[in-house]
Amino acid sequence: MQILFKTRYEDDLKFLARTGEKVRVGLVVVLLLAAPLFLQNFYLGELGLLLVYAIAGIGLMILTGHTGQVSFGHAAFLGIGAYCHSILMSHGVPFSLSVVATVLLCGAVGMAIGRSASKMHGFYLAIATLAFLILVETLLGEWEAVTGGHGGFKVPKLVVFGQPLTAVWQQYYVDLLCVFAVVLGAANLFRSPTGRSFLAVRDSELSARSLGVNVEWVKVQAFGVSAAITGLAGLLLAHHLTYLSPEVFGVLESLKLMLMIVVGGLGSILGAIFGAILVSALPIAISFLKDALPPAIGQQAGLEPLLFGVIIVLFIVFEPQGIYGRWMKIRYFFETFPYYRKSSFVRQKSYLKTERMR
Amino acid sequence: MSTAASLSVRNLSILFGGVHALEDVSFDVNPGEVFAIIGPNGAGKSTIFNLISRLYEPSNGSIHYGEHDLLQLPAHKIVNTGIARTFQNIELFEQATVLQNLLVGRHSHMSCNPFSNFAFLPGVRKSELEHRRKVEDVIDLLEIAQYRDERIADLSYGARKNVELARALCAEPSLLLLDEPASGLNNEETEDVGFWLEDIKHDLGVTIVMVEHDMNLVGSIADRVMAINDGRLITIGTPDEVRNNPEVQRAYLGGSA
Amino acid sequence: MLQVNDVIHLALTGLAQGCAYGLIALGFVLIYKATEVVNFAHGEFMMLGAFTVLAYSEAMGGSFWPAFILGCLTIGAVGYLIDAQIMRRIIGQSSASIFIMTVAFGFIFRSLAGMIWGWKTLSLSTPFVGKIAINADISIGTDRVSIVVATVILCGVLYLFFSRTRFGIAMQAASQNQLAAYYMGIPVKRLVSITWAIGAMIAAAAGALLAPVTQVDTAIGFLGIKALAGAIVGGFGSIPGALLGCLLIGVIEPFADFYFPAIKGVSAYVVMLLVLFVRPEGLISQTFQKKV
């Protein structure tokens, strides 16, 4: 078993302390960078979409997994990001400026939501954010003059610093760059005071306060950072969709995001990435299944939501720590072979920790 | 590290519904002393701490620490005046590691700029290492080095109590409020706590106010003791004086003692 | 401009609609009080109830009341099973996970309902046809009156149940501290499952009674979200609070839709957000400061 012997304080700050981790992550980075060399355009596009969803997942994970604020309306920030960016670019604003403006706008909206939601807890917060999502969707639909309403909005072509990037691989590299930046940034956040204050608010607001953490301000920050990152994902998503309509950013999309982080594993950045992989792979798997199953079942309209639902239930019941949890167990199995014990991961249950006592 | 500040509480009262959890309680704590608060369960001892920490709002009275009027401050600014506390039922950050908990303990000494943290600028790195060094001193003092990277959820009760004390110490307080530091500990662990509190008092010069039921611990390290019952102050004095006070004995043993 | 008669008509319809939301919210709050679980899929119980009663009714040649009773019992059994087989296994997990799981249930129920009964809108015939005339100009459908009556009856029954019977008191105990209730010999697991069953049955009843108004199709479960919003407005932890909130939303909705057509359909959420903004714990607060 690999025991990590730390000899310097810097070792605590390192991201990838073990050689195994360094090799794995290095391999993934190299493969991602080299992907256009061996993937066809269709799959490259899908991979790009996966990366975009990973960014959105990380955004939501920071808020829900790390700060404990359940947000059921994060698709709203995807929508705001996508529409804002597209509208700005269609009015001639250059790409880089539009990106900055959109991200800042989403961050500001997020902070406003965080401010109003800072006194809400648990599912009140979830429903409030859901209501926010429904209102944003309605707004996008009704504000026809600006957003094109339900008729849709055509997304301008991707043009960065005057260079049109119309090839799939070019768009892919833009997505990849953003993913690297977001993953690095999020990881930085959590080895620094800001991220720790997020964790503190998640686990015990009371003692966080007594240690000097301004809980309301932390929630505002968490919402802001999360919204900004999700907004970035939204604007990248716009370039993949090429045509926006309000229905795309509705409750189903929010559920997809939630599914990503819960099934991926709450509380870890890697979990968000796993979740994104699952959510992207699912429609492809379902379309394979549709051909394999008898037409009576396979052609039903409700098959996709049904499978989504079943997968969520199965994960929550059998693997509450999500794919990340399962991944840790598998890793542990190989690291400690043949001394692997299932009971290493058994945790004490807490009965009815009542949310009514805050 | 210790400023010669004294805690002075005057006429502190709080009403919950129609019940006076505290009624007209006044006391002073001198800098550098160990001040114990004793009383039967439900007497209002933790309530005093919660009022000082500004988790509750008093209905009457005043609390001053040094030149700070605590009632003018919000809860998260109290630690900046030099007051840190532990909780009766351990309020640690369960899903985080011991190190993370201790580093949050130093939060009041850290600057928390989301943008520079997102980019992890060199200044942030330097500050992180600085605080990590300071935290290590506390780890050494309380002998929790073996738990550094463990999640709180995996620790035993005794270990958690140590981490809770360590976290409060990481804030570099001049006044430490300890809510039942020895509850749930066996004799050996209680003795350890006694030694540590002595060290904290003598080496770090920290004033300690503790709510405690263990009379041996109180007798061995407390300079002065305050006894309260039913929200009201009974008496303040040395441990012996308080122990022999007939009203205190009545409160604990009930009826004629 | 609205005439007085229109106002009264809208208010009455709104009241009935509010009672409809209230019926669904009743089930929500029951389950929440017993287990701290927010069952996002409660609207789907209502939808399944409507479909099941319809299925029984057609199988029995069109009669309503026997189908109604059978349908409610069936859905009650479904609720019981959901708790006994699934919810029990996930005790102790974070409430976010549990909440998401109930959302997933909603999806599963909707999909199953569509697969079994089709995606078209169907019609359930109930004995509540015709209108009751209040005066020469105002009349209200009997179907809507039946909802109001059902709400009143059920509230009364539940109130007596919880305050007067041993069963009810045991449920209250279990809702406040499960471990302690176990130690006192209360069969907590069974009680919780029965609570789910009762909640589901109420929702199914609501579904069947509402069928003349909403018709029967897979989308009617979304009423559950409005009921949730209404319950939040009033304060989620108490039955009277939830009802108050739902009635409020029910009455405000038609007027809001008339004066602000842009927010048609989402006025309930606007009200909820406004209330939460001013009083983040709902109108009748149910949360307490944690004792440390």
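Points worth noting:
Letters A, B and C mark the chains in the order given here, with residues in each chain numbered from 1 onward.
Assume a residue touches a chain if its C-beta (ideal position, glycine included) is under 8 Å from a C-beta of that chain, and two chains touch if they have at least 3 such contacts.
Predicted model only: the values in this text are computed from it and were never measured.
Compared with chain A, the chain whose C-alpha mean position is the greatest distance off is B. Ranked by how close its mean Cα position lies to the mean of all protein Cα atoms, the top chain is A.
In whole angstrom, the spacing between the mean C-alpha positions of chain A and chain C is 32. With each centre defined as the average position of its C-alpha atoms, the distance from chain A to chain B rounds to 39 Å.
Per-chain Cα centroids separate chain B from chain C by 47 Å.
Residue positions 206 of chain A are each in touch with at least two other chains.
Touching of two or more other chains is recorded for residues 289, 292 of chain C. Shared interface positions of chain B, i.e. residues touching 2 or more other chains, are given as 55, 87, 91.
Within the complex formed with chain B, the residues of chain A that make contact are 9-10, 12-13, 185, 188-189, 191-197, 199-200, 202-204, 206-215, 221, 224-225, 267, 347-348. Within the complex, the chain B residues that touch chain A are 53, 55, 75-80, 84-85, 87, 91-96, 99-100, 103-105, 107-108, 110-114, 117-120, 124-125, 128-129, 132-133, 136, 153, 167, 171. Listed in rising order, the residues of chain A touching chain C in the complex are 64, 68, 70, 116, 119-124, 126-128, 130-132, 134-135, 138, 142, 206, 255, 258-259, 262, 266, 297, 300-303, 305-306, 308-310, 312-313, 316-317, 320, 349-352, 354-358.
Contact residues on chain C toward chain A in their complex (touch as defined above): 35-36, 38, 86, 89-101, 103-108, 110-112, 114-115, 119, 176-179, 225, 228-229, 232, 236-237, 262-263, 265-266, 269-270, 272-273, 276-277, 280-282, 286-292.
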